[in-house]
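A, B, C and D are the chain letters, set down in written order, and residue numbers restart from 1 in every chain.
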Amino acid sequence: MTASRVVELEGHIIDSGMMQTAFGILIDMGGSFEVEEFEVGRHKDEESYARLTVMADTEEQLQSIVHELHQNGANPVEPNDAELKPAPSDQVVPTGFYSTTNHPTDIRYEGAWIPVENVEMDCAVIVDTDDGRAYTKVLNAVEEGDMVVTGESGIRVSPPERARDQSGAFGFMQGGISSERPSLSTIQQIGEAIEQTKADGGKVLAVCGPALIHSGAREDLARLIREGYIDMLSAGNGFAVHDLERDLYGTSLGMDTESLDHPREGHKHHIYTISEIIRAGGIEQAVDDGVVESGVMYECVENDAPFVLAGSIRDDGPLPDTITDAIEAQNAIREQAHEADMVLMLSTLLHSVAVGNCLPSTTRVVCVDINPATVTQLVDRGSDQAVGMVTDIGTFVPILAEELLDESGL
Amino acid sequence: MTASRVVELEGHIIDSGMMQTAFGILIDMGGSFEVEEFEVGRHKDEESYARLTVMADTEEQLQSIVHELHQNGANPVEPNDAELKPAPSDQVVPTGFYSTTNHPTDIRYEGAWIPVENVEMDCAVIVDTDDGRAYTKVLNAVEEGDMVVTGESGIRVSPPERARDQSGAFGFMQGGISSERPSLSTIQQIGEAIEQTKADGGKVLAVCGPALIHSGAREDLARLIREGYIDMLSAGNGFAVHDLERDLYGTSLGMDTESLDHPREGHKHHIYTISEIIRAGGIEQAVDDGVVESGVMYECVENDAPFVLAGSIRDDGPLPDTITDAIEAQNAIREQAHEADMVLMLSTLLHSVAVGNCLPSTTRVVCVDINPATVTQLVDRGSDQAVGMVTDIGTFVPILAEELLDESGL
Amino acid sequence: MTASRVVELEGHIIDSGMMQTAFGILIDMGGSFEVEEFEVGRHKDEESYARLTVMADTEEQLQSIVHELHQNGANPVEPNDAELKPAPSDQVVPTGFYSTTNHPTDIRYEGAWIPVENVEMDCAVIVDTDDGRAYTKVLNAVEEGDMVVTGESGIRVSPPERARDQSGAFGFMQGGISSERPSLSTIQQIGEAIEQTKADGGKVLAVCGPALIHSGAREDLARLIREGYIDMLSAGNGFAVHDLERDLYGTSLGMDTESLDHPREGHKHHIYTISEIIRAGGIEQAVDDGVVESGVMYECVENDAPFVLAGSIRDDGPLPDTITDAIEAQNAIREQAHEADMVLMLSTLLHSVAVGNCLPSTTRVVCVDINPATVTQLVDRGSDQAVGMVTDIGTFVPILAEELLDESGL
Amino acid sequence: MTASRVVELEGHIIDSGMMQTAFGILIDMGGSFEVEEFEVGRHKDEESYARLTVMADTEEQLQSIVHELHQNGANPVEPNDAELKPAPSDQVVPTGFYSTTNHPTDIRYEGAWIPVENVEMDCAVIVDTDDGRAYTKVLNAVEEGDMVVTGESGIRVSPPERARDQSGAFGFMQGGISSERPSLSTIQQIGEAIEQTKADGGKVLAVCGPALIHSGAREDLARLIREGYIDMLSAGNGFAVHDLERDLYGTSLGMDTESLDHPREGHKHHIYTISEIIRAGGIEQAVDDGVVESGVMYECVENDAPFVLAGSIRDDGPLPDTITDAIEAQNAIREQAHEADMVLMLSTLLHSVAVGNCLPSTTRVVCVDINPATVTQLVDRGSDQAVGMVTDIGTFVPILAEELLDESGL
């Protein structure tokens, strides 16, 4: 082993799994190491420190190992500046560009560490050499001449620790997916995490699928917006149409959600609803004109809770408020995602993935769906502070609302 | 077409789908028919009547067609007595034995129609020639010399109608499976059906899987037994052990179902629980001795609600109360099933299928599971008065209990 | 009952379930009827005829009943012309507009029946009064002044019959969903239906999700395009990127689909691939320039098989070929859907629903997915000639290709 | 911190996750530690060694920590003998009994380490003090006076490492569940692992559910038994009945698995089949008498492949060969499980869990099911050398058989 470099791991390196991952990379990639120093935090909230000398047979192999260690939070002791190359043309990255994780990241530029703004997964890092800022750009936003971080050096990634115990309002958020956990207690914990987020001045974004309306949870979601527990809404055209149909015709996809009857001609309500909102000029106008008088979209308008309705190829209509261009919709979603401190993903895979793509690993995420595969997919790709619950959205939202609003348990 | 016979259909022949099925059989099997008379009930609750002359090319084909029509409720106008053959030995049926549906069935014996007792699917019909009674026997109960109904004639099957509208406490039970229906309203309707069943003097049987305990619904199920809404319990060894572990150690499979903690050594609680109940001599003794002081099994003992615990090859232990022989367990299940007027199948496939196998098509069935495939399988094979709900048992039971016990909705 | 009207049912009214549905509507809606004539087709391929006098208490109730009967194929004996009203403004329908089914439909205009072109679900019917043509328009295509069919009269709907037996290449397509049916035999039948469609000069559209690439079925799908069994492709941005990544870097989402290894830095291949295709100017140019030399997209280009790539908010990139606007993408999908005689929906819910929305009930549809809920949803809303198969796309496509291309069974 | 003890970790302590787990336990339980020595294996197949001084505030806390470390493979440097207590009565364990993991375990008895025989999860360890042997017993086998291991000391657990790379026939068995992995390549790897197991003189046990027969895989499974790739079979009554029905009547649950037709009266074939086997006196006699001439059960008899048919409360019949008592059936399953070197769990949850309960963590396990939740459940509780595949059993078995028997890939 002729090539070697010293790397450091700092922070909750055991709790975060960083240590284990680093060992694994070294063994997998044929490297070797010696433990130079190993200080273990004595208590749960104390940080640890390890310094390792990493060895490999060739400089190339060493670089490759050190790159992987980087990605997972181990940083060279004596770092160089990050290497910058200009983008050769719009939407084209230079060879060897650095593709981001969703963890907090710093870039070494002119000898100093600067934080990368708006971190999200699979982006390029652009350095604005005029004012010394660094930020992410998705591929389609890259412009010719952008200075793009490439190569291995001058990049520091800090994966957040996973809480190992269950104390604190967010402690349960290490728990992965609860299909065999007590439902009411889990909902109570989610309620407490929302209350804590609000108490800390944070913002809660709800990402909602149409099943929420069909399952009868519309009124309780509307209450949560009205009472300020939910600050922003991300959904699709169908969600809004079903919500508005309930206000205008008392049905959702033609079914009366209280009596469970299917009134004759109810199948037309869906199209009529879109038609009426188009006639009014949009959702806000429809609320202002008194056409729409209740529901989720109504409360968003009345309470200045911003909403993004993203279009899809499944849509009827669409409503005038729906953003039909996927790139424009992603940009609107991205803006909301970056403002959110906590995200509730409520029975929608498509919109949850779109929002999740824009989240840093430090945002708290709660995924609720009746399909365990959906919850698994979202929690696995989501932030490191994600919790999933396999339950019925039609009982989850009412119980959560009762928990938050009525102070009386079931 | 040289062979012909006149058959009649009576009752709710349109609502039950009997008419449609009969037409389908005739066309599929190459038969032909003429409509002799067709009186349609003018109102939902009026019965209809149709008389058809069925024609076929050969007598054999005609018999085959008439057999299928029988199975689906069309009866020959001039029936003969049912044909009886002795069983050649124990557990062996004579060739051409009549295999039952789960619909109410009558047998023509010595010129008179007698009802078949304890109708369930896939059984033989035995006629006791001494006292002129007819009843079903499963294969393993057939004894040498039993007089078994064979062939085509002298059998009358009466499929119940499916309610087409939603009025009445059981009206919603035509609805198949509700995955896109409002959850709270559906649970409310199930609650009303239970109340109506009790008001009519009927018995409610709950068939329960262990997920009910893990999901935190134990206390509310116990309340429903204590308050008399559930009269009988059918479950497996695991369900009872988890319930008793909660009483003895405050955990379920080692997890505290309120704090969601996993106390150290909690994984042994399961085995300890079984060991303690064995030491006490059984569940009833453990309750009587004050070893067990709460929970589902406790309430069953205290309120004389009979329970059947059926063993399976997955079991730890088992408890002394668990019936480890499958045939003995089936017999105990069968007895409960025949007494039940309404069955709640709560998050167990194995036990629900076992109970469902013993039910006539007239028993009301509610299937609740978070897995839509389980609900579909149970509703499809269950009675014609079955309703399925895809939801979380951990929210379903508490909401149902609140509905029934507290008179206050969410 | 003071109001009455005579309606006729013609065709395979028993096999199609039309008769049963009509009886059901009459009873549900409180109407009554007398059977005036009832001629039953004696053989499977003979049509039947029924004439009923429908009675109701009020003219309004009668109209409501007759409307529902219409929707399901029962037509008034003495029809009037369809009523036409102008659309009040763009994307707004007149009150009482007729919302289409996906069944073949005729409109009575100036005393003659004219077929409605491009029938699909939930559209308005526009009559071009200049040249006497009628066609469907989705809501967003409706223009101010369009003459829109409204009300109850002058509309004739003809639901296709469901084949009751299994003979013929498409006979098995009545079978609903096969989760407990023999897999190889079912794939063989699907292969025969494709061969028959091609032999009849029909076109086959494949709608594909990215799981098809991950599961290793890419090469066999490419062969089916090259050999002319698949004429058109409908997919999303992700599908195309995964397919192209496999050509450019030998991986799919970073995994080598043959060795199952995850090469280091493989996670960047996805973004590199998009970047490279953007650099080339698009997929066709990348193929023409020799940048891309194999795979599904390659075969589409080389064999002039038109493809539609519809964007979504989940996309990375996107590729220059991806249509990011949902309305534009729907229009492109609609055009393909209307040309297709058979549609294979292969492990994508989003794109399959979008295509399915544009299909008349006469197009043959095969839905393949490993998730039974996806298959159920697609078959339920799809055409009446839809068959679903719950299986692994990674084994389905290779076995289908072997069936079609190698003439040797497994 | 006043109490301390020195513990050692040996073997693949990084690859196995043992190190990470040990750190986690220490931090969770409020302990502390110093790293005395840390030798890391330089290559994938070299073992590592770590010696830690564990510290706690009280001796009780220290014991509790050391207990958990034990369970996960960290052993005290200076161990004592295991503590033994007699079982107070039949089926009752002494307080503080040691409940086994499924990892290889040694017990220190009279100063020497002796291996525990027949290790499986959740058992008691009994020491035969006459001949110095130690072995597991499930609760129901514990007899009064058995010397049962209790407490914390003298127990050494050795979790097997997880292979981190994919080389070797079993290397892919670290891969967890493959729902997004290439299907044909994965089946090929499973085939190679079976071949390697057979080449090593090992035994393969197939655990089979009835879906295998319905899906048309019966003939290929029969071939694998005939050709010696499968040595033992574990299944339920239903599996055997469906297999035998196919031989006797050409149907499975009444459906012809080749033509996919449902012959009239086919629903009786199931009961007839059981009746005929009862008449013959059992499966072996039915084969010997020429009543049964093909299929899975036939090949088992002809090739002396032992089979266990375990009864359940869902069964019809049952067959004379079916063991209806759950305890007896478990004992038969346990015997097979302990002989197996590789287990194929093919589309049955119930029987797979029962077999899995009896397996040590060193047995290789392959779980195949179309339901991802089933595969997850089996792989999570199974051995550490378990691989899961979410696919269609009806395509899996034929492709596997082609892979193993025909030497020609698809």
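As a working rule, a contact is a pair of C-beta atoms (placed from the backbone, for glycine too) under 8 Å apart; a residue touches a chain by one contact, two chains touch by 3 or more.
In this text the structure is predicted, and so the values were computed from the model without any measurement.
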Quiz item: Among the remaining chains, which ones contact both subunit A and subunit D?
Solution: B, C
Practice problem: Select the chain at the greatest separation from subunit A, using centres from the mean of Cα atoms. | Solution: B
Quiz item: In whole angstrom, how far does the Cα centroid of subunit B sit from the Cα centroid of subunit C?
Solution: 38
Quiz prompt | Centre-to-centre distance between subunit D and subunit B (centres being mean Cα positions), rounded to whole Å | solution = 34
Quiz item: Just curious, how far off is subunit B from subunit A if you go by their C-alpha centres, in Å?
Solution: 45
Quiz item: What are the residue numbers in subunit C that touch two or more other chains?
Solution: 373
Quiz item: What does subunit A use to touch subunit B in their complex?
Solution: 166, 172, 175, 179-187, 189, 211, 214-217, 253, 255, 257-261, 370, 390-396, 398-399, 402, 410
Exercise. Show which residues of subunit A lie in contact with subunit C when the two form their complex.
Key: 29, 64, 67-68, 88-89, 91-93, 97, 99, 122, 138-140, 264-265, 267-268, 270-272, 274-275, 278-279, 310-318, 324-327, 329-330, 333, 350-351, 353-354, 357, 371, 373
Quiz item: In their complex, what parts of subunit C are in touch with subunit B?
Solution: 14-15, 17, 19-20, 23-24, 27-28, 30, 32-33, 35, 38, 40-44, 164-165, 372-373
